Each structure stands twice: as structure tokens, then as C-alpha cells.
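The next part holds the structures, each set out as C-alpha cells.
Shared chain: subunit A. Partners: subunit B in the first complex, subunit C in the second.
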Partner chain A sequence: MTDPDPATVDDYPIVIQDLLHYLGPRTSLDDKSAVALPVAAIKALLQVVQRSKANTMMGLQDELKESSQSMLDYALEGTLLGRSHIALASGCELFLKYITRTFLETPDFDACKGQVLERGEHFAGISLAARDRIANVGHGFIRDGQTVLTHGWSRVVAALLLKAAETTHFDIVILEGRPDAAGAKAAALYAQEGIPTKVVLDSAMGYVMESVDLVLVGAEGVVENGGIVNKMGTFALAVNAQESNVPFYVAAESYKFARLYPLHQKDLPTMGGLNQQHLDFVDTASWHRTGREGPSSTKKQQDTNATSTPHEPSNTVSGIVTIPHNVKVDNPPCDYTPAKYITLLFTDLGVLTPSAVSDELIRLYQ
Partner chain B sequence: QQQQQQQQQQSKKEESQKDAHPPSKTKSESIFSHLPPARDMDEYEEGFSGASLGTKQQHKDLHPRVLELGLLYASGQIRGGNARCRAMLECFSDVLEDYQPPQDCRDIRAHLDQHILKPSFSYWAEDCRPHSVSMGNAFTFLKSAVASLDRDMSLEEIITVLQETTKAYVQERLDFADQVISDFASTKIVDGDVILTYAHSSVVESLLKSAASSEKKFRVVVADSRPLLEGKTLLKSLREAGIECCYILLNSLSYIMQDVTKVFLGASALMSDGSVLSRVGTACVALLAQSSNKTVLVCCETYKMSNRVQLESITGNELGSPQFVVSKDLQGFRDQKNLMLLNLLYDLTPSNVVSGIVTEMGILPPTSVAVL
Partner chain C sequence: MAPLAEDANLLSTSDPNNVRKWLAAHHPKQLSMLDKFEIELRLGRLSTSSTAAARTSSLGEVGMFGTTDRRLVTSRTVELLKSLIGSTRWRNAAQLLALLRGIGQELHAAGGFREPAIGNVVRRVMAAVREETLNEEPSDSTKKAAPTGADMESIDELEDNMGNMSLKRNTGVGGSASRSTKMSLTNMLWDHPQGIKRSSSGRHRSDSFSSMGSDSPLPSSETAGQFPPIYYANRPDLRQSVMEAIQEIMSDLEDLHKNINDQATSHIHAGEIILTYGRSKTVELFLKAAAAKKRKFQVVVCEGAPHFGGHAMANSLAEAGIDTTVINDSATFAIMARVNKVLLPSHAVLANGGLIAPSGSNMVALAAKNNSVPVVVVGGMFKLCPMYPHEGQDTLQDLVSPSAVIDLAEMGDKLVSEVEFVNPVHDYILPQNISLYITNIGAFQPSYIYRLLAEYYHSDDWESFE
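Let's look at the complex of A and B:
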């Protein structure tokens, strides 16, 4: 995941430039204050409204739709964390719906435009504050002495756990998170904050489940029936948790609620850039060899357009076995976890059961 | 003399009771005794000519179109929630054309309600065939449309407005809804799919045809059951559209289920907890599909949603004529006092078996029906 070449930024349409501007400097993916992609997109759309020379509602709506589409295309190219494009799409759609309501209330276009900007700012404000609200509603679910299992890197989950750590003593177990070492990044953050953290193999999720009290994950998107789309492995984790009667919680902002209704795993929209990635080799080196050298505990693929941060020093491992070219490799970035495996969702709208997600979506899109 | 009078009164009462509920031989001790017994065609043969159906005193004022439609309902020539509702609204539209309130009528709306709407509907529901939820909801809509008319409107205005309102209702909540449902559901059909459907649902028929016309490669399995064998009409219609089809009866369902990828079902009504009231046999199909991990999608327009909650198939159902269940060995069933032939028309599919409900508002989980 490289930053776009500064020399070519000016060639991008203005809305993309705004988007990149609002995303801020890419200091580190661990940075918990980093702006979420959909929030930056919403701010960029507000700029579109301000710059707009349209004289009618339809004209403004068209401009906004076009800008959303170009942001989505840009994200799908893989240059902007291709995985979260579901949240980007749903965030833009919700924003459009939110301000479209203003059109219905104020028929006069100019007065309307001022109101639109105001409402848009309000919406952006809500989205920014969403993470804190989620941390507030969710942190009480973790009690002293419990062990939390988490998977994947999510800023919302991180905010929630750090808030809980202010008042509670608990442990964290993190799944390694292949192929992008997301778990390793998360582990570094939690350890830094003083929470006892343990990293295990992805395949050890069944093994550790008996010593865990709750599972907490984030989401790329929340779909209509209350299921979630998240990093590959979440579905297996959820099934495992249900089997062991361990509650499975999801922390997600409400702009991630998407109007999708997947019926099975392959029914998900294409994930863009990351789908084309291939594992070029299988790392069969033993665990202690990939152990604690350097700041990250594991090093994954050598593919240079991978999602891992460019700042991690490469810990090359000897004893690598490569897969011959006539063997197919399938590495989708996300899977779909049906609603029946999810206990509760922590959102900025409150704590919801999966069936309440659809009610909220009906309300939001009404 | 008093005794004679009493006897006369009693026999009159019995006569009227006999008229109200034709004495078909469904045994009264059964658990289905709360449902109105079916019109047994053999018993009531002359009763099925239109003139006889309208021979009672209170029916003399009914418009001939109403009687005609009643006959079509009773004989089963018009079946299906959408078809019955459409026919009903068309009939009311025609009746309004000829409507003339009496000269001294002060409130046309009340007269219309009491002399046209109510009598016609109760005639259909009580003497011909119990009404479906779709008909009930449409009738409620029509009554509220009449009630919301201006008191001072002229007769011509009232007739025009009502006719336009019913036309708009049919267009929006039936035709347009069907189109939107077809569009949503077609997005879920992918190349290589094997779609299972049961009996004949007009919505499922139109969605399969629209998916076929958008060049998707799939095939359909039509499951069917006695006595109505409605799947045959669906099969014919799909073959005319060039869709590859397979036809089975319910007993082959478990065999065919391994090849099936998706199940599309229609509904007569949607309860507010998400359970689906549909042609008897639908619950079997849905249950078997779910236990084999196949997706079950129920296609239903929002006007068919009911405020009721039903927990099982017995409390709210309809009895069909038992003679349709008869095979040659059971010819003498009427004379056997311990034998009851049951011909139920509907059953209830619980909401946990349904993967999603396709309405014109989108695809929803069953638990969200109440929100609509």
C-alpha cells in the first residue's frame, strides 16, 4: 500500500485531491486518530457542494453521484485500502440520502444549499464522533479478569478496547491475521498501551476459544440482515464462538450499514484491487524463526503491492517453499458472517441486535 | 296454534342456517370445525349456477358483475391472491359505472358503503369463498378512499375519483411492485442456478421470465401437488418463455433438493412476525430447502402484509372441498362416519426458515416485516 505519487496528485480530479487531503498524512496505519475513509469522503463531498455551480437539485445530486462514483473507482483501483470500499459506498449513499431530505423540505434551491452544507457538516461531525460513541456504549461489556479475542485491524475496536482499559483489567488474544499481518499491528498498539496481549496463529482460533470470554471484531460493512463483511477468517471465528457459547460482538459505525443482502459467501460485491492479489509462496518456516525480530512479529508475502505497511523492516525467512504456477491460489480479502452468529452490534446508534440493523436501515433510507 | 308457530319459526331458522352453511359432510368434531366448511360441489350442484347463488333475498340488489365474480371465486376459476384482488377491484370499478344513488340520499359516501361495498364483499366472503388477505387489505383501502371523499362532491366526480384511485392502487401496489420485485430478485439469480419453485405464484412467474429475458442461464424445477396441480399452468407459461424446466411432485423433493441452488416462493399473506401464509405444501418445500442449506426467498408485495400473527397453520386457514381428495377407493367417504377427508388450502411457513423476503421496498430479513 503505497501513497500516491505526489507528482501525479494534481492530475487527479479535484474531489480525489480533497479526499486525499482529508485522509491526512499517512503517518502510520496504527495511528488511532487517523481519519476513516468514509468520513474523509463525506468531507470531500461537502466541498463538492460548496464548489457546485448547479442551479437545480437534480444538478447538484448528479454532481454528488458522479463524485462518489469517482471516489469509489479510485478506491477500487487498490490504491486506497481496497477493502473498505463497502463502507465508502454506503457512507456516500447515506450522505446523499441525508441531504436529499433537505431538498424535500426546502423547495427553494439557494436557501436549500445553505441548509445542505449545515446538515452535511453535522453528518460529518456525527461520523467523526462515531468512534467515541461506540467506545462509550461498548466498553462496559468487558469486565475485570476477562479475556477478549479479536481479529483484524479496526480503529473502532482499538478505541473501544483502549477505553475499556482505562477502567478495567483484561487480556487480549489476537489472531495473527494473515496475509497482511493485521493482528501483529494491533498487538503492537495494545502492548504499547500496557494491555497484556498474546498473538496466536489464525488456525488456533478453535484452540484458544475455551479460554476466551468474548470475541470482538470490527466490520468493513454491515449488511441488511445484520450480517457483516469483514476480514477473511471472521466467519470461521463466529461459527467457532457460537459453538462454544462465547458472545460475538461487532463494533461498527452506522455509515457502514450497506444496502446489500448477500445470500452466501460468493454473493459479495467484488473487492477490487486486493482480489487480484496472489500468494506467491507459502511460508513454511517454523514459528520461532518468524518470531520476535524487529517491531512486527511476523512477515508475510513479498508481494510489493501488499497491504502491509511500507515501514516494517523486512524479516526475510529462509526455508521458503514456493507454489508451482499451475496451482491456483484464491485469496479474497473478506468473507461474510451471517447474522445468526452475531450476538450484538455496538454502533453509534446504540447497542443493536442483528435484526435491528434492518429496522435502522429502513429508517435511514426512508 | 302457538306450537305450530314455534315449529314454523324453528324450521325457518333451520332453513336459514342450512342456507348459510351448506351441510357438507365435514365431521363436526374435527379440529378444523372452527373453519367454515367447504362447498361440496356434489351436494351443492345446482347451487353453482350463477342464478342460484344469487337467489337469497339480500342478494337481489347485487349488481350482476358481483354475482358473476362470486361464481368465478366459488368455482375456483380465479385463484391466487393477486388475481382475486385485481378481479375484485375491476368489478367495483365496473359497478361504479352503473351506480345511481336514490334521489333523497344525503350522503353518497355512506350509501355507497352500505349498499355497494359491504353487501358485495360479504356476499363473496360468506357465500362464495372466504376472502384472502390481499382482498381484505384492498377492500379496507377502498373503504377508506370512499370515506375520505369530500361530502359535497357530485356523483360524477365521486365515480371518477374512485375509479382512478382503484386504478392507481392496482398499478402501484400490484403491477409496479411486481416489476420491482422481479428486478430485485433477478439480481440474485446467477448463471448456472437451479431455481426451485412451488405451485403457481404470479410474482415468481414474472421474475423468472424477466431473468430469462436478461439472458441469464438457469433452469427451473417446478414442484407441484394434488389436488389443485397449479404448477402445471406455471410450467406451461415458463416453457413458452423458453426456460428449461423440470416438473416434480412433492414426494421427489428430497431427491431433487441436492441439485437446487435457490428457492423462490410466493405468498398469500405475510404475518407481522415474518411467517408466510401460502399454498399448502410451501412449508414443506421451505423446511426441506433450509435443512439442505439452500437459500429460500419469498416474494411478496407489501399490500399483502397482515397485522395478524399466526403461530401455526390451523387457526387461520381455509377448507377446500373434500371431494377433490377422493381417489377411486375413497368414493364412499361420505357414508363412512369415522372417515374425514381434509383438503386444506394454506399453510404457515415459520420465519426462521426463510432467508429473505423480496418486496418492492427491497430484500428484507423476515424479522423486519413489522417495521413496514
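Let's look at the complex of A and C:
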């Protein structure tokens, strides 16, 4: 997942350029204020509305659909965080729905357009405001002396845990998060904020579950039955948590609610594009991919078995035999966790049980 | 007019002290009623029969079973509210809501935290007020629609249809006829969510929800911004409709047991063995109603140490001709294999579908789950609490004196200083261990409770009284 080569950016259609512009520079660690992909997409679509020369609603809707599709295609190519693909799709659909609704209320096309643009200006704060609200409703569920287990890198979860840390003393255990070192990134942030943090192997999730009081994860998307799509490993974690009677909480903004109803893991839309056929292991012990120095430079880091030195190239580990070319590799970025394993969802609409999610979706798309 | 202007300021912020001041200045009689009620609350004279048993037996008195019950608490609260609302000089819906919020906070602090039903009743009344305010607005479609509507005539019909669709979905008290007042995905993203409180942390981000959305221009002052403008309109008929709504709540409470008992025969069948725990008036009446319809069934009652409410319960059931057996609490698991159904009373039903019940109920529920015996909970809707069990078993954190468990006078000093006695009043039961809630409006699964909450209370009132 490399940043797009600046030289070729201008080759992309304008909407993609806008999208990249709104996403901002890819900062490594302190992207607490970074814009979420769906929010940037909606802002790009607003630009489409601004530039549009259509005179009718149908024309405008066609343009918007085309732009949404091109953004989705671009995301699928894998150059742009293929994982957030579901939220991107639902965000675009939400925007289209909103345009239709506004038009029904304001039949005059120009007035409608003006209204959309006017409101859209304030859209910047949506993502941050949603995170604030989620942190407010969710932080009370973490009590003093508890241990929280988390998986994957999520700005929402980070906001919630940092808010809880203002008033509560608790520990965090983080799963390493292969293959993209998401766990290392999260651990660095929490340790920096002074929360006692421990990193364990992904496969150690069963082992640590008995000493954990609650599990908290984010979501790439929330599906109609209240289940979630999230980083690979979340499903196993949820099953484990249920088996050990540990509550499993999900923190997600409401624009991630998608009109999907997967019955199996295979029902998930393909995401991750080209990367899915590769196993790109990051040496999570060397922290290179997270933009930090090696473990010796920060004392608060965990004590994983760092078998490689900090000076090796970040995507090889010494002593590993490369895979023969006739062995197939399957590395999807996300899995689907059914609703029955989820205890509660913390959203900007409040705390929801999984059954309440479908109600909200119906209300939106009625 | 100056005093009235001052009133407006006093009642715009719902700080309980302000409400007290306002009442003291204008309605001393109502203030003294409120004070008397609070005193009784603090003394613990208003509590459920099972917790009353726990409290009074620990004081060494004879348990006052049957004289105090939950409905008494709630009816007293409703009457208090009726008098406070009916006889005081509030001018518009916003002031009324501020008054109610202040009262709610006072009662909560005075002991309402032990009796969630009190807060629930106040919230219920607040939701009724909101509904009346919004329902009675003139059917002016421009008010209902979010944007600064242009020419509405051509699409009035469509607008009505959309409005009607949302009306149909949002039935019930807290539903709020206008879709723009309900928190939903669209509101979150595009409209200013009406009635959303300023964040309690005081941090007012310029890019937060509160300042987004240009359609409903809010005055910058804190007080005026708490409710949408419609709440500040002066409406003489509001008092009448609110009083009617309160009367409806009162009659709901009076018919409570009747409505619950009507469902008795659907759940209790001939030849069944039903297990219950301790003493509860609702469960007792439920069982007696089934027996009155000539169903032949057996009841096993756990005695419910340390206050042994089960003994009185068994006596009462036996007098009604029901075949009753009393067992030790420790025998519950052993007998569970023979039991067809477990019937539990409720102290409070939480927002996630969990249950707060008399201490000992969790043991029964776990034993039932282990043996795949359905656990049915009976209770009125006023026990439904918009609260989540953050603290797990310590939710409500109500402990009473261990003197009911052990005689302190006889213990040696060592025992007193080195041993800790814990005597909790309540247990928290997970929603997955409960099969069904039977209430006065019907029977529901724990996973449906969130929906009832949305219908009974307005989401802005959930956190009001902490």
C-alpha cells in the first residue's frame, strides 16, 4: 500500500484528485485528526456538485453516480486503503440519498444545489464530532483496574480509549495485527499517552483472553444484521471472547452502516485488490513501517522477541524461506463477524444493541 | 413583568438549585410537598417489597410486607408531578422541561438512584410533554421540513406522505411526530439534531455537531440553545394536554397488574412446575391469576435468605390453593432439572435487556440457563431504565447492613475487624440468560428492549438526572 506517485496523480480524473487532496498527507502516527475516507469522498462529491453543469436532478445524479463508481474502482485497485471500501460505498450512497431528499424538499434545482453546498461546508467536522460523541457514550464502560483488548488500528477506538484514560486507570493489550502492523501503530500511540500497553501475537488471543475484561474494536463497516466487517482476525477474537464470557464492544460511526447482508465470509465484497494475492509481512518488531525508531529507542514499548535488528530492510526477516511460486496465497484484509458475538455497538447515535442497527438502517433508507 | 423575566432565566437552566429557588419564590406549597416526598425517600419508606424486606429486616423490625410496593412509589411520584405541574406557573414547554429535569435531579439525589422507577416516571412525563409540544403544532409543513423551504405547495402531498411514513414508524410516546427531532443517520449528517445537549465537558468545538447545519439558526446563548424554537412558543392548551397525558400514565399504573395478569394463562400451563425466588407482589398476583382460571400447576419457592421473603410468598400462594413447596436457596440447582419455567420479579430492566432483580436471582438464572429452563420476568413498563450496566454486578451498588446475616453483638472483635460481610440488595442478570419479559403492554425478548426505550423516553432525557 504505497502512496500514489505524485507524478501520475494528474492522470487521474478530477474527482480522484479531489479525493486525494481531501485525504491529506498520510501522516504516520499522529493522525488523530486525519480525515476518514468516506468523509473525504463526500467532500469530493460536493466538489462534483459545485462543478456540475447539469441543469436537472437526473443529470446531477448521473454525474454523482459516475464519480462514486470511479472512486470505488480506485479504492479497489488497492492503492488507497482497500479496506475502507465498504464505508466508502455507504458514505457515497448516503450522500446520493441526501441529494434526492433535499431535492424533494426544495424542488427548485438551483436553490437545492445551493443548499447542499452550503451545508456541505460544515461537513469537515463530521468525522471528528462523531468520534467525540462515541468517546462520550463509550468511555463509561471501562472501569478502573480493567484490562482492555483491542485489535487493529482505529481512530475511533483510540479516541474512546484516550477519553477513558482521562478519568480511569486501565491496561491495554493489543494484538500484533499482521500483516500491516496495525497493532504496533496503536501500541505506540497508547504508550505515548501513558497507558500501560502490552502487545501479543495474533495467535495469542485465546491465551490472553482469560486475563482480559473487555474487547473493543473498530469497524470498517457495519452490516444490516448488526454484524461488522473489520480487520482479519476480528471474527476469531469475537468467538473467543464469547466463549470466555468477555463482552465484545464495537466502536463505529453511523456512516459506516451499509446495506449489506453477508451470510458467509465469502459474501464480503472483494477488497484489497492486488494485495490479496500477496503475503506482505511487515516486521512488526522493527517498527519501521510505523515510522518509529527501533525498540531500543523508546523504553515504554513492549518486549516482543525482536529477532531482527533495526537496520534490516523492513519487509524481510532473516532466516525465512521464501514461498515457492506454486503455493497459492490468500490474504484478504477483512472478515465478517456475525451479530450474535457482539455485545454492544458504540455509535454517534448512542449505544446500540446489534438488533437496533437494522432499525436505524431502515429509518435511513425508508 | 420583571419577575416573570427572572423566572424565565431561572427555569432555563435546569440546575436543581434554580428549580428550588423558583419554587420557593412562587410556589412554597409545592416545594414543601417535594421536600416531604424526598424525606420519605431518604428514609427508605418507599421501596419495593423485596428490598423493603431487606432494609427493614436488617434494622431488626418486623418486615412490612405487602404495605409498601413499587406501584405505590410510582403512583406517589406521578401524583407529586401532577400537582407540581398542574399548579405552578410555567409558561412554555421549555420551562416545563427544565422544571421536570430539576425535579428529576433532586429526586435522584434524594434516593431515586435506588429506585429507578422514580426517574423513569419523570422521564416518561418529559417524553409526553415533548410529544404534546410537537403534536399540537399547527400542521405547517414548513416547520416539519428541515430546510428553509421554498415553494412547498407542489410537493405538500409528498411531504405529508414522508411525514406520515415517519409517524407510522415512530408510534408511542417518545416517538416524536416530526422526523427532524429524532436522532437518525440523516440527522446526524445533515440536519442540526434538535435538542442535542451541549457536551458536558464544556469543550465547544467550532466544528462539532452543535455548530453544524445552517438551517436552524440557534442563538448563541447557552440557555436559549437547549431546545428547538418550537418549545418556546406560548401555548395555552399545552397544560391541558400535559395533564391528560399524566392522567394516562396514572391509569396505566392502576391497570398494571390487570394487564400483566391477563397474559398469565398464555404462559402457565397445566401440570407445570414453576420456580420463583423470594417475595414479589407482581409474581404472586400473576400466579394467582392463573390459578383463578383453574390451571393446575405447582410452584417451588426459594426461601430467599437472609430475609426469607419466600416464606411469606409461599403462605400467600398456598392460601390461594396453589400447590407450593419451599426450598433452600442452595437446593435451586438440584431441583432445576425438574422445573419447567422460572418466574422472576424485576427491580429494573436495563437498556441492554439485562435485569436488576433481588439478590439471589442471578444464581437462579444461571442454574436455569444450565438446564435450558426458560426464565420469564414479570414487571411493569415503568421499570424500564435507560441505563447501561457499566459496573456489571455492582450496578446500583446497593448494600445493606450485614446484621441480617450475622448477629454483630455475638461476634468477637477479631471477627468484626478481619471479616468482611457483604449483603447486596440486587443482582444483575445478563440479557442472554433471560428468555422473556412480560409487561403490561405485552411480552418481549431482551433484544427488543432498546425499541421500547426509544418509544417511551426521548433520547435527550436519558442522562438527565445524574
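General remarks:
By definition in this document, the second predicted complex is superposed on the first by the 313 of 366 C-alpha atoms of A that agree within 3 Å, B and C clash if a C-alpha of one lies under 4 Å from a C-alpha of the other, contacts with A are read in each partner's own complex, and residues count from 1 in each chain.
Everything that follows uses one rule, which is that a contact is a pair of C-beta atoms (placed from the backbone, for glycine too) under 8 Å apart; a residue touches a chain by one contact, two chains touch by 3 or more.
The structure displayed is predicted, hence computed values, not measured ones.
In the superposition on chain A, A:349 makes contact with subunit C only, not with subunit B. Within the superposed three-chain model, A:359 lies in touch with subunit B and with subunit C [touch as defined at top].
By the touch criterion stated above, A:128 is placed in contact with subunit C alone, subunit B being left untouched.
Of the two partner chains, neither subunit B nor subunit C is touched by A:237.
Once chain A of one complex is fitted onto chain A of the other, the partner contacts of A:261 are limited to subunit B, with no touch recorded for subunit C. Once the two complexes are overlaid on the shared chain, A:225 sits against subunit B while remaining clear of subunit C. Applying the stated contact rule after C-alpha superposition, one finds that A:87 touches neither subunit B nor subunit C.
Residues 355, 359, 362-363 of subunit A contact both subunit B in one complex and subunit C in the other. Across the complex, subunit C meets subunit A through its residues 145-151, 154-155, 158-159, 162, 165-166, 169, 182-186, 188-190, 199-201, 205-209, 211-215, 351-353, 388, 390-391, 447-451, 459. Listing the residues of subunit A that touch subunit B in their complex gives 224-226, 259, 261, 263-264, 267, 339, 355, 358-359, 362-363. Residues of subunit B that touch subunit A in their complex: 188, 262, 295, 297, 355-356, 361-365, 367-368, 371-372.
The part of subunit A that touches subunit C in the complex is made up of residues 94, 97-98, 101-102, 104-108, 111, 115, 118-119, 122-126, 128-130, 132-133, 136, 140-141, 143, 254-255, 257, 343-344, 348-356, 359-364, 366.
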